[in-house]
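One structure is given below, encoded as structure tokens.
Going by the order they are written in, the chains are A, B and C; count residues from 1 in each one.
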Amino acid sequence: MEFTRRETLAIGAGAAAVSLMPLQAFADQEATDAAVAEYAAGGAITDGGVELTTPEIAENGNTVPISVSAPGAASILILASGNPSPKVIEFMFGSLAGSQSASCRIRLAGTQDVIALAKMPDGSVRRGTSTVKVTIGGCGG
Amino acid sequence: MADNVKPRVRVPRSVTAGEAFEVKTLISHKMESGQRKDKDGNRIPRSIINHFSCDFNGENVMQAELQGAVSTNPYFQFDAVVQESGTMTFTWNDDDGSVYTESKDITVG
Amino acid sequence: MKNITLSAVIATGFALVGTAALAEGQPPAEIKPLVIDGINIVAEAQAPSHMDIPAIYSGWEFRAEETQVLQLDDFDNPGMLEVDAAREAFNTVDGAAGKSCASCHEGGPEEFKGLAAVLPRWNPDQNALYTMEDYINYCRTARMQAEAWPWGKTQLNGMVGLLNLQSRGEIRNVAIDGPVADLWQQGHDIYYVKQGQLGMSCSSCHEENYGVRIRAEILSQGQTTGFPVYRLKNAHLNSVENRFKGCMKNMRAEPYKPGGPEFHALELYVASRGNGLGIEGPSVRN
């Protein structure tokens, strides 16, 4: 699927604003908070215990490689706080998982925080956050 | 989108029992996010692979629930561990109801 | 020029005209070995004698590490999905003659080892400059009596990818003399002429400012040894001449037609600027 630069801007609900405004002020914070609360389902959330690997600067927001690892987790949810819809992907590990880790490639509508939430078997949730700067390339052609 | 969807998977042919090994999957799919508009300003409906599962001899290795923010041609890398020889199956579910599958035999040696 | 970005220059509105003579490209920050499936690919070489810069580099060397690694394993390279589809098409009968590619090319795509390294070249039978796309479409129309595949679409790009892959690691060596001398000169002239509302030429970016940022992105030398290119931006394989078109749109110029005579001449000239680099297509770029 092909995004023109203009479309990428558009789906960012104003990606230009992202670079000018503090991340906390982004309009999608509410949706992200809601997604976090829904996933945690009342479980305690603590920072740490999740290793989220992202590029510091993504060369193109349309394909951003990420990896996540949370030893012992039952599942891991990836959220993109600055996307029009924050949920990206949830990994659920089965009995034959060799580790509680996975890599994939995701779309980011602009510079933003990517959040990984790991649900532990006891219902508690661990959180890892990583800021990814998404550049609008010089050569959109 | 059910046309020309091709899964690729890579697993070792032979593994050691109880030792984690790497699994990679890649499938050709446009992953239309549902966020884009066409030239007339109408929203292009979402058309994505929404679910992925990797299983071995009927037991689950990993499942994933995908949203529109997963990139075109979804790629996964993860680890599996098995105790005996058998068949690893891979299943992708499309929004349009299509199911794409692939399988690989793995020998514990 | 070295401490300011090219975009800053463009943003001032009077463009590169005044500064171009002083500008100079920068080598990649770090030269890494490009090895794919055990095949070493020459990604840095002395520039051919017809050029004014000291060294040539694969565009891979200018990319961020996250983009680079996508090309180091064929499984991770999403462009290979289109190559897989082309491998199937190679063996699929199409057209009134009831033939597939494999009907004539019994040795499979492997028969084309080395070809990508010397294209575009003069085809004496057709009296024309031929790119890989031209050879494929000649076979499709003349031998298979099938429809030509349109430029820029996945069937043609995938097949070019499959055939170029057979030359992985071979050193590019396109001829620039003899019957193509005039076309090469035409391509050279297109490369250096300023076009469009921004008053830019190919050389503004890819000769005078490679290694320098244009807005947030580091410019490459515009080498074509990695084509077709899977771009993260549009998530499919892109042909050389479709990439030229994108460049010209960014220059606010009226693009030539992919597959047309101007871009063919330019493809030859730009290919000759990579003489000495290893063939690496299909590659992955941003």
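Definition applied: contacts are C-beta pairs under 8 Å (C-beta built on N, C-alpha and C of every residue); 3 or more make two chains touch, one makes a residue touch a chain.
Note that the structure is predicted; figures quoted are calculated from it, not measured.
J.: Can you name the chain whose C-alpha mean lies closest to the mean of all the C-alpha atoms?
T.: So the chain sitting closest to the middle is C.
J.: Where's the contact count highest, between which chains?
T.: Comparing chain pairs, contacts are most numerous for A-B.
J.: Centroid from C-alpha atoms only, then distance chain A to chain B, rounded to Å. What do you get?
T.: 19
J.: Return the distance between the CA-based centres of chain A and chain C, expressed in whole Å.
T.: 34
J.: Residues touching two or more other chains, restricted to chain B: which are they?
T.: Answer for chain B, listing residues that touch two or more other chains: 71-72, 75.
J.: Give the residues of chain A touching no fewer than two other chains, as numbers and ranges.
T.: Within chain A, residues 1, 3, 62-64 contact more than one other chain.
J.: Give me the residues of chain C that touch two or more other chains.
T.: Correct list: 235-236.
J.: For chain C, which residues count as touching chain B in their complex?
T.: Counting only chain C, the residues touching chain B are 75-76, 78, 80-82, 84-85, 235-236.
J.: Could you please specify the touching residues of chain C with respect to chain A in the complex?
T.: Of all residues in chain C, those touching chain A are 6-7, 63-67, 69-70, 213-217, 219, 231-236, 243, 245-250, 286.
J.: Note which residues of chain B are touching chain A in the complex, please.
T.: 20-21, 30-33, 35-37, 55-56, 59-72, 74-82
J.: Where on chain B does chain C make contact in their complex?
T.: 4, 6, 8, 10, 24, 26, 28, 71-73, 75
J.: Write out the stretch or stretches of chain A touching chain B in their complex.
T.: Chain A reaches chain B through residues 1, 3, 7, 10-11, 62-64, 67, 80, 83-85, 87-99, 101-108.
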